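Got a structure here, written out as structure tokens. Questions coming.
For clarity, chains are labelled A, B and C in written order, and residue numbers in each chain start from 1.
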Amino acid sequence: MSSRDLVMARVRRALADVPRAETPSEVAVERTYLRRHGDRTPAETADLLAENLADYRAVVHRTHTAALPALIARLLTARNATTVVVPPGLPADWLSATDIRRIPDTADLTPHDLDAVSSVVTGCAVAIAETGTVVLDASPDQGRRRITLVPDHHICVIRVPAQVVDSVPEALERLDPARPQTWISGPSATSDIELDRVEGVHGPRTLEVVLVTED
Amino acid sequence: MSGPGHATYLGMPAFPKAADTSTRDTQLRANLRHATHTIRAKRATAVAELDDWGKLRAAGAAIKDRTLRHLDHYLEQLERSVTAAGGQVHWAADADEANRIVTELVRATGEREVVKVKSMATQEIGLNHALAAAGITAYETDLAELIVQLGDDLPSHILVPAIHRNRAEIRDIFAAKMARWGRPAPDNLTDAPADLAEAARLHLREKFLNAKVGVSGANFMVAETGTLVVVESEGNGRMCLTLPETLISVVGIEKVVPTFQDLEVFLQLLPRSSTAERMNPYTSTWTGTTDDDGPRTFHLVLLDNGRTDTLADTVGRQALRCIRCSACLNVCPVYERAGGHAYGSAYPGPIGAILTPQLRGTQSELDASLPYASSLCGACYEVCPVAIDIPEVLVHLRERVVEGGPVSVRGTRTVIKPAKGHAAERAAMRAARWALDHPGVLRTGQRLASRTRRFHPRRLPGPGRAWSDTRELPTVPAESFRDWWQRTRATNDRSTP
Amino acid sequence: MRVGLFITCVNDTLYPRTGQAVVTLLERLGVEVGFPTEQSCCGQPQFNTGYRHETEPLVRRYATAFRDYDYIVAPSGSCAAMVRDNYPRIGAKAAAEGRGQELSEAAAAVVPRTYELTEFLTDVLKVTDVGAYYPHTVTYHPTCHGLRMLHLGDRPRALLDAVRGLDLVELPGAEECCGFGGTFAVKNAAVSAAMGADKARNITATGAEAVCTVDNSCQMHIGGTLARQGSTVRPVHIAEILASTEGHVW
């Protein structure tokens, strides 16, 4: 007997108390929990997102579409960035105000190559206000997962209000499980020393989030 | 290169004996008190932010119960969806088989080193030892696991395996041991947590960048889509899950949830219960393999190792709802004083006290002592985000220890005998029950105690010392309540004979 | 209304004053109190140590003893919780073992009528001011089974707040277990003693003259630890405070 068959047979024996005719959906799951916590206007939701991102030490900036390229240029300059990784589908104008050297996100880019890069600029799939989370799903404006991991500085642009939801349930409704996802809530952190949180371990130690209001 | 630490839980003493030593370790007591009290208040605040916590908790429990009652269905569905997404599924009936599978998979890559995400399942099966025996070095990359590995120590907490170490001890371990494993600690390393985190970043960076094989567990597996989820903080998880060419995930069969949307419950329950955050810094999800993004090869090793035996017990089954948040450890007064090592397992604290004796059985002295490692205060049940009634299961397992009874062992239904060493207690319990079931006998005993009360010693000999070494004995009154009632009231009460 | 006093074996044998206080208090509130002498122990020591089958005769005994009462009142959160939470489980397990519904029926007959003292006062009699007078500084330790199994909540505090002369001081870490836990106190004596020592230190630090609980079993451990530490704080059951008046302080 294969181990698969062995384990499956054990599972079935263990569940001898479950009526054979019972289907999974007959086991009641009451979903009376809230779809979102509180009713907010889109502006209030964006404010909450900014507040919660900042609470977990992301640096939050707010701007509008026309001013976005200048802001990104300023953030890269302030960081003394010399190179920036660019996802293949990043809107061209986002980096139009900076002449910093661009590194395209291509398959031959090794982890060591990425380690030598200063910054990365991406969009996102969705952002969650209640938890201060941005979700990346490796779409063309976000690139492969590794480009937002190895460089120490990540600038993530969120389109407000289009990409902002209130809650975790609302975010999941928008996401495609087939795509690899990275949920990011602030820069990397640890609670491993005396159960007290400190920021900055392996992931980018500086996370700058730009909430851009569409003109 | 020396292999991973040779520290092991094997052959550890019963809980009371281990705790007798650890409760006297004032440094350990201070470290645990500081850490657990820090997180307790924060968890309460994070939970209080959500008005619907009780409903989320009930839904979390219900989703897990639905899954467990139909685990065969969901495992088959999971296997199909992972395979369809490009993953390879392996089945391991026990720890040895899981270790064998992982070792073979690593060997097949030609690599001799792996980077690891913190994983309870691989701690449980002792994977690092097995890999070391095969000449493969496993590098733990979670900060706390790194502290444990460098210190040749054992994990003592589910979330923070090095919780028994304070910052000064961590500094000393890093300064003394990092060089043996790779990049040495910076000179003049301080014990500031930010500096310690920086030292870990530098030490592990080369290992991440060069890693060809990653080993992980998973917090959740979605049957419907084949998606795996790892919840973490530091980014070491992302490194291990995305940079290597091969990813091997060892996951207990109970970690499956039916649908992707079901994550909406657990991704709210887990971070707030665990690190007391609205959301943990990083959560990674992946579904099979993705072209040019992340590992080219993905293996999922589904682990039984006693889980089906646990599933077979209709009371104990609820322990399989556990999402490993560790809230129960952080509120447990027994854990706080005894420390995690006394539980002799990768799963310490209240959840360990009900999980370990079900996964391993109650035959060893240590495992038989675990259900008693609780005052039944109920703080664990109160904070459990999936409503595991830990006190109920503890008492249920105590019964298994002293009375034996029907259980499942490696998938076979059998009847076990009581654990050894309870004969005197059983006789005493039977005698007490007999006396209590004969109030006349009880009254005679009370009267005898009252009459001799002036001669009662302040400290008891033999087993009674366990009480009187630290506590005064209550003084026996001159008259029991029932005698007082009889003397003063009996004539007025029709229910008194 | 006929009220049966479930004194509990610990109070019967070691703390009869508590029982006398309950009788005094309830009679002062106009309640007719009965004491069926065929009662003994709720069976918690056996049950919580794993001897469920040894508990079964005591479930039957309890059900029989209190058959004729409208309410069953126990001056113990732990013993009341044993009846309410665990008697139905004992019945269900007996049924699952093919021994019929008898124990389940016995449990079902007593569970809805069983009250811990402060619950009975606030929920059934609907009083919080019981006319008590107790001129002492008191700190309150909410015992675990009252707190987390019966969910007594603010009931005991509301009763204490209404006591004239009583100065209630906060106990730091109040909701942490004292470490008694029945047979836990001897099976895991080191941890139990460490928990008790911390609890006793917190109690002494409040400066209170007395520590009040709804459970004398926990008090036996707390009081024994306080005495061994040389503390002068007295353990006192809430019934003794509530029974006290200007004429007679217990």
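Just so we're on the same page, a contact is a pair of C-beta atoms (placed from the backbone, for glycine too) under 8 Å apart; a residue touches a chain by one contact, two chains touch by 3 or more.
Not measured: the values here are computed from a predicted model.
A.B. asks: Measuring centre to centre with C-alpha atoms, which chain is farthest from subunit A?
C.D. replies: That would be chain C.
A.B. asks: Mind having a look at which chain is the central one, using mean CA positions?
C.D. replies: Minimum centroid-to-centroid distance belongs to B.
A.B. asks: Could you let me know which interface, B-C or A-B, is made of more C-beta pairs in contact?
C.D. replies: Looking at contacts between chains, A-B has the larger number.
A.B. asks: How many angstrom lie between the centres of subunit A and subunit C, each centre taken as the mean Cα position?
C.D. replies: Centre separation, subunit A to subunit C: 52 Å.
A.B. asks: Compute the distance, rounded to whole Å, between the mean C-alpha positions of subunit A and subunit B.
C.D. replies: 30
A.B. asks: Quick check: how many Å separate the C-alpha centres of subunit B and subunit C?
C.D. replies: Distance between chain centres, rounded to whole Å: 32 Å.
A.B. asks: Residues of subunit A touching 2+ other chains?
C.D. replies: Where subunit A is concerned, no single residue meets two or more other chains.
A.B. asks: Name, in rising order, each residue of subunit B that touches subunit A in their complex.
C.D. replies: 31, 34-36, 38-39, 49-52, 55-56, 58-59, 62-63, 65-67, 69-76, 79, 85, 90-93, 97, 141-144, 147, 159-160, 162-163, 166-167, 170, 193-194, 196-198, 200-201, 204-205, 208-210, 222, 224-225, 227, 233-236, 238-239, 242-243, 253, 258, 260-261, 263-265, 267-268, 271, 275, 277-287, 290, 292-294, 302, 304, 308-309, 311-312, 314, 330, 408, 410-411, 413
A.B. asks: Contact residues on subunit A for subunit B in the complex?
C.D. replies: Contacts found on subunit A: 2-4, 6-18, 22-24, 27-34, 37, 52, 56, 107, 110-112, 115, 128, 130-133, 138, 144-146, 149-150, 168-169, 172-173, 175, 177-204.
A.B. asks: What part of subunit B is in contact with subunit C in the complex they form?
C.D. replies: Checking each residue of subunit B against subunit C gives 15-16, 19-20, 23-24, 29, 333-334, 337-338, 371-379, 381-382, 392, 395, 397-403, 425-426, 429-430, 432-433, 436-437, 439, 442, 446, 449, 463-464, 466-467, 469-474, 476-477, 479-482, 484-486, 489, 493-497.
A.B. asks: For a test of understanding, state which residues of subunit C touch subunit B in their complex under the given definition.
C.D. replies: Interface residues on subunit C, with respect to subunit B: 4, 7, 9, 11-17, 19-20, 23, 34-41, 43, 45-55, 57-58, 61, 68, 86, 89, 144-145, 147-149, 175-177, 179-197, 220-221, 223-225, 227-228.
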